[in-house]
Every structure is written in C-alpha cells, then in structure tokens.
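Sending over a structure as structure tokens; questions will come in a sec.
Letters are used for the chains, namely A, B and C, taken in the order the chains are written, and counting of residues starts over at 1 for each.
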Amino acid sequence: MPDRTQRTEAGAHTTPASVSWPIDLSHVTVRYPNGVTALTDVSLHIASGEMVAVVGLSGSGKSTLIRTINGLVPVTSGAVRVGPHTVSALSGRPLRALRGHIGMIFQGFNLADRASVYHNVLVGRFAHSPTWRTVLGIAGANDRDIAMRSLESVGMLDKVWGRAGALSGGQKQRVAIARALSQEPAVMLADEPVASLDPPTAHTVMSDLLHINRERNLTVLVNLHLVDLARQYTTRVIGLRGGKVVYDGLAAHATDADFEAIYGRPIQSRDRLDR
Amino acid sequence: MNAAALHEPDVGQVPAKPRGIVVRLAWTGVGVLLLAAFWDLGIEWGRLVDLPADLLHYGRLMFADPDWAKLPEALFQTWRSVAMAWVGAVLGVVLSTALGIPAASGVGPWWLRLTLRGLFAVIRAVPEVIIAIIILTVTGLTPFTGALALAIGGIGTHGKWTYETIESVPHGAAEAVRASGGNVLEVARWGLWTAAAPELMSLALYRFEINVRTSAILGLIGVGGIGDMLTGYTQYREWDTVGVLIIVVIVITMSIDAVSGRIRRRIMEGATVRDLDRSP
Amino acid sequence: MAATELAVPPRPRVWPRIAVVTGALVVITVLTTLPTLGGVEVDLDAIARNWGNGAERIGKLFRPDLSILPRTWEPLIETIEMALVGTAIAAVLAVPLSLWAARPSNPRAATRRGVRLVLNVVRAVPDLVYATILVAMIGVGTLPGIITLILFDLGIVVKLVSEAVDSADASYMEAGRAAGGTQTQINRLTTLPQMWPMFASQVLYSLELNVRVSAILGIVGAGGLGRLIDEVRGFYRYDSLATIIAEILVVVILIELLSNFLRKRLR
C-alpha cells in the first residue's frame, strides 16, 4: 500500500494554478437516433470542488448524463456548461481543447492494453501537445514530467515501463486515474469506476478519488450503483431514474428509503459493496 | 381423465419435429445436380482404370532420377517468384489497409463502407490469373505484372480481413482517447492501432505465404518465375527436370510456411502471453 | 519545474527489436525489387508508356461483348460440373483421411503423422501446377481438372476437419471405449456424427473455392471456361473476356449464397 504522506507531497507539487470548474446542466434532454430518450429535462448545478455521486439503476441515464459533460454524447436540447464553457455549443478543435480539461475514468479502465503504462498516461497530455508528438509517442520533457508525477501520485511509478495489460484491475484503474490527472483537469468524471473491482480494491480507488477531490479541490462526479460507497465517499447524492432526477441531497442524509425511491425497488445485497 | 393420462402423453399425438423442408430440398437439389454432373461429363471410366499405372509411370520418370543440374536455375526462378510474392504482399497490404480502414463500421459513412465491401467481394471472386491477364496489356509479361496482380487480387481478401480486425477491437481505449481530447489521428494510433497491430501484421505475413503459391500459378501464364520454367519443361516433356522443379516448389513452399507460421505465432502469442503475465 | 526528485525506474530498450524488424523488412523489400538480383522491376515508366495502348484495351472490359454468350454455355456447365464432381469425390475421400489425421480418432502417431505429412506436401503444390502436369501426362480434358480439384480439396478439407476434431471435446469417445468398442466402431458411431456439421461446412467452402479454380483450369487445358479465356486473351478480345468474367462472378456469388445458406443451417 503506497504511503499516503508521500502521495500528498507529490500531489501538492503537481497541482498547477489549480482551477476547478462548476458543472451546470439546464433543461438537458438527450434522445438517441434510435428513438430512445435517455435524459428528460435534467437540470443540475454542481459547485466547483464538490464530490457528487450519481446513482441509479442501469438504464437510468447515468452513463448518458456523465457523457454530456464532456460532449461524448451530444444533447438534443438544453445546455451543458462546464466552467466558463458551454459544451453543447462546441465541436471540433474547441471541444477537444475543452476535453483536455476534463478527466474521465471508466468501468472498463479503457487502457491501451498492449501499450506501456507510460504511453497510456501520456494520453492525458494529448490535448496539450502537437499531433506529431502524440502519434509517434515522443513526449516533450514537460509532458513526460507531468506524466511521471501523476503516476507517482497514484503509487504506480514503478510500473511505468510495463505493459498496461499485465496489471490487475485495481492497478489499471489507478493508471487510468493517473492518465486523467496528467491532464491537470478542472473536473474529474468517473463512470462506474469500481464496478469491476473487488471490495478492498474498490475502496482504495474510491479513497483515491476522495483524496484527489480534497487535495486539489477538484470537482468530482462519480456514477455509482452501490449505496454504501455513495454514502461513504461523496458529499452529495443525485438520484436518476428513467432519465429524470428523482433525488438531490446530502449523502449524509440519504436514507435507505431514499435509495429505494431512486431505484424504484427495495435495497438488495447487490446494492451494497460490503455485504 | 385418470392420473396416468395426465403424466404420460400419447406419443402418437406428439408433433413430429419440423425438418426444415427448404434445407432438405436444397440438399436434394445438390444431390441431383451432382448425379447430373457425373453423367454429363461423360468421363471415360475406362481411362480411370489405367490412371494409377499412368501416374506411377510418370512419377518414376520425374522422381527416379531428377536432373539436379537444373537446380541452380530452378532456385533462381524460385527467388523471382518469391520476390514477386513479397512485392505483391507489400503493395497489397498497403492498398488493403488504405481501403480496409474506411470500410470498417464506425469509420466511414455507410455508402462508402458498402461500396468498398462490394469492391472487395467482386475482386475476391475474380481469379488472380484473370487479373494478371487484364493488366499485362499495360505492364507486359513481367514479374511486375505478377506482383501487381497479386497486390490487386490480395485487396479482396486482405481488405476484408483488415476491416474485420478493426471492427473486432474493443472500443474502450478509443473512447478514453477521445475523452482526453484526442483527435482522429490520436484515437486511431492509441485507441485502435495498438490493439489491432499484432493481428494485422500476422495477417500480412499470411498474405505473403498465400502469394508464394499464387506466384507459381501466375508464372504458368508467362509472367516469369518458377511457373514459367515449369510450363517450358512440361511442354517439352522433360520429366526429369519437372521432377526437380516439383521438389523445389514443395520444399520452398513448406519452408516458407513453417518459418512464416512460427513468426506469426510469436507475434500473436507475444501479444497475448504478455497480457496474461499478471503482476501481484 | 519541480523540487522533488522522482524515482523513475530505468527505461527498457525496445528500440533494438523494432529497428531490427523494420530493418529486415526494408532490406527484403529492397532485395526483391532489384532487377539485377532477379527481383521485380517496378517499372512505372512502362506503365506510362503503354498506358495509351493498354487503356484502350482495358476500356473494352466495360463494353462487354454479349455475342460470345452462346459459346460460353457449354464450357460454363462443364466448369460447374467439374467443381461439383471434384468436391464430391474429395468429400468421400476426405472422411477416412480426416479420421486418420486427427488424434482422437487415430491414436497411432506414426500413421497420423504420415497422413499429415503427405497432405502438407500435396498442399504445397499450387492447383494450376497439378493441372499443367496432369494435362501433359494424361491429355487434355476434364479428367486432369477433376483430379486437380480433388487434390486441392483434400489439402484444405482434411486439414481443417482434422484440426477441428483434434480440438473438439473427445469425451464422447471415452464412453465408447469404456463400453468396449474398437477404434473403428467408435469412429463410425460417435466421431462421424460429431464431425458431420464441421465436415459439411468445409466441403461447401471448398465447393466455393473450386468453382473459382475450375474456371481457369482450362487455360492449361484441363477443361471448363479456361480454354475460352485463353482464346480470347490471345486476341486481346477483352470485351468478350468481360462477359466471361461476369459469368464467373455470377456463378461464384450464387454458389457462395447457396453455400452460406446451407452452412448456416448445419448446426
């Protein structure tokens, strides 16, 4: 287990003029080309520096919601604002530049398994480097430094030259976090980051995210389907059901009954991480 | 209704399993065609009786005392065929990759995809010999024609393999690159290429293996190489030389297959074994 | 930039491997394109020079000469018949050969390896080479063509089927052995039925390939459309060639559709 104090020091040094953006959705509706309406008239405001959990069953619209924030999914109507930018109005190069400030980690880790951990983390610098460098994988000294420090802050520096595919699930997710951190982001998005991990590893990753939120005052949005993780690691819970927001309150005040209302069914053991 | 009737169905009333009438018709049709074919070809079955003896006779003429003096020439011509196969493979892979990538779903627009896939299917249906015949009006009876024919003909299958491989790559890594702000080139390089590369390289090498065989065939219509030499000596019935040529073809083809097969296995295994090598 | 020193582990040197592989590829490509060494002369000049001439002839491909159609029927039917007969005979021969070549159905390594070796050798000779030699041996006609197709098919079908039998779950054989059956009995009653879908699928696949091959076997005298192709190419009648190519395409696509249809319903 990496030494927490070491990581704190490293974290402090890698934070640049730390920006942290609020997220704002106003009357967002998302309808896919196949006719499915994933989100209906969703309005949310997330202040900068908040750590928010979005909970709901699969099909509730969580994945769509989180992807409207960095524009991976276009909105059919309404507006999405991240910091000073209106995501829904951007496309092409400005959108890519904006994404460079939004870090994202995924349930499936989404690493290039056959590439080295180093090159995977460098992906985070793509929006900030010229294309010839990124395609050839030859990073400038600054980018290299940032990547190394990000890896160090998640305790994976010793694996930097190894293949990403040779790592365990928890290690891969930490590399993914390092990738996101090397973007020096103003917002961190996490789409079901621990759904594929066993309980101890899940706790490690969640506490890493919490740590990042507290250390850098970074706005963090996490999609979760596990009740106890939402309560333990986040300060605010937003519940989605059928593409609509059905709950929005402090995590400390969210009762089991509240979660049952969000899910539309009684809490079962699979909704808890630690049974 | 007594208890027994409730538990044991009257077997006579259980419906017979439907036997796919259309499928049976199709097979029957094939069978009928087959019989008709045998009859229509009018093979003189009498000749068949002599056949083994004939083949043995020629076999002896070819292999009992092969004319090893022709070996250097045979090896040189084989080199020309292999060179044709290699150049054809390089050109073919370049063209197939350029055309196969837009043909993958998720890359190009639907009409482009359909056109390209149709093109591949058409090329696949045309034998390379005919492609060579067509292009030799422009390039003449030279090994270059052979290489071009192999390249163009290869687009049919290798193009298909290319887009199939690309489509089989999991989408996650590409999404991550896009989410970090990567452009199309970066997504392709790190979200696609790293995953697809081993298989694409292995297929390219396999393409070369196939080309080695086809190059001998193209030689038979005169583009040069071992096929050319074979036609010549067969026409003049110089069986002892023909024997040498067959032996050379077999040995070279099997060697290239073995070496290439080993390299391909290493490429693919290197890709998977290292992934499985989990660290604690 | 930063005050703390990072303990970055040393970078392993991957460059040598990539350099060697790239170097080898470049060297081979160069060697194969040097005419003095017997390589392929990539003569783009010739293309430029002959383009006018050739383009005009190639242009004829797009104006097919339909008047040749009546002359193509008989050779076309002959081509299809050769393909069918060749596939059928090969299918019959392939059954015992596949069983001999697979480990579960033939535990005796010597005969198994022998069969595999012979088939590897047979596969190493291209189809038209067989045709050329057979024509010189037994004369022009469909017989050398059919024999060529049989050899071609056996090479493919036996390999694929025996590999499938090898990798399949052979536990059903244990039951047969436990009940006291001989290898032949086991083969007949258990392996064959298990093998049948895979076998039929490969036979249909080889039928598809056969039609393509038998269309051109005639170029060396082994029957079918090939003889006609040879004739029209000698006169540069590419308009007639276009018609023949179109016919081949139609037949190949039809056989492919039929084959796909049957193969899907084999499970």
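One rule holds for everything that comes next: contacts are C-beta pairs under 8 Å (C-beta built on N, C-alpha and C of every residue); 3 or more make two chains touch, one makes a residue touch a chain.
Predicted model, so just to flag it, every value in this text is computed and none were measured.
**Student:** By CA centroid distance, what chain is farthest from subunit A?
**Tutor:** With centres defined by C-alpha atoms, farthest from subunit A sits C.
**Student:** Have a look and report which chain pair racks up the highest count of C-beta pairs in contact.
**Tutor:** The chain pair sharing the largest number of C-beta contacts is B-C.
**Student:** Suppose every chain is reduced to the average of its Cα atoms; which one is closest to the average of all protein Cα atoms?
**Tutor:** B
**Student:** What whole-number Å value describes the gap between the mean CA coordinates of subunit A and subunit C?
**Tutor:** Here subunit A and subunit C have centroids separated by 51 Å.
**Student:** Express in whole angstrom the distance between the two chain centres, defined as the mean CA positions of subunit A and subunit B.
**Tutor:** 46
**Student:** So the centre of each chain is just the mean of its C-alpha atoms; given that, what is the distance between subunit B and subunit C in Å?
**Tutor:** Using C-alpha averages as centres, the distance is 6 Å.
**Student:** Counting only residues that touch at least two other chains, what does the list for subunit B look like?
**Tutor:** none
**Student:** In the complex, go through subunit B and note every residue touching subunit A.
**Tutor:** 170, 172-173, 175-183, 185-186, 189-191, 194-195, 197-198, 271, 274-275, 277-280
**Student:** Under the stated contact criterion, what part of subunit B meets subunit C in this complex?
**Tutor:** Touch residues, subunit B against subunit C: 20, 23, 26-27, 30, 33-34, 36-38, 40-41, 43-44, 47-48, 51, 54-55, 58, 76, 79-80, 82-84, 86-87, 90, 121-122, 125-127, 129-130, 133-135, 137-140, 142-144, 146-147, 213-214, 216-217, 220-221, 227, 230-231, 234-235, 237, 242, 246, 249-250, 253-254, 257.
**Student:** Subunit B touches which residues of subunit C in the complex?
**Tutor:** These residues of subunit C touch subunit B: 28-29, 31-33, 38-43, 46-47, 50-51, 53-55, 57-58, 61, 77-78, 80-82, 84-85, 88, 120-121, 124-129, 132-133, 136-138, 142-143, 146, 212-213, 215-216, 219-220, 229, 233, 236, 238, 241, 245, 248-249, 252-253, 258, 261-262, 265.
**Student:** Okay, in this complex, where on subunit C does subunit A touch?
**Tutor:** On the subunit C side, the touching residues are 1-4, 6-9, 11-12.
**Student:** In the complex, go through subunit A and note every residue touching subunit C.
**Tutor:** 9-10, 13-14, 142, 145, 148-149, 152, 157-158, 160-161
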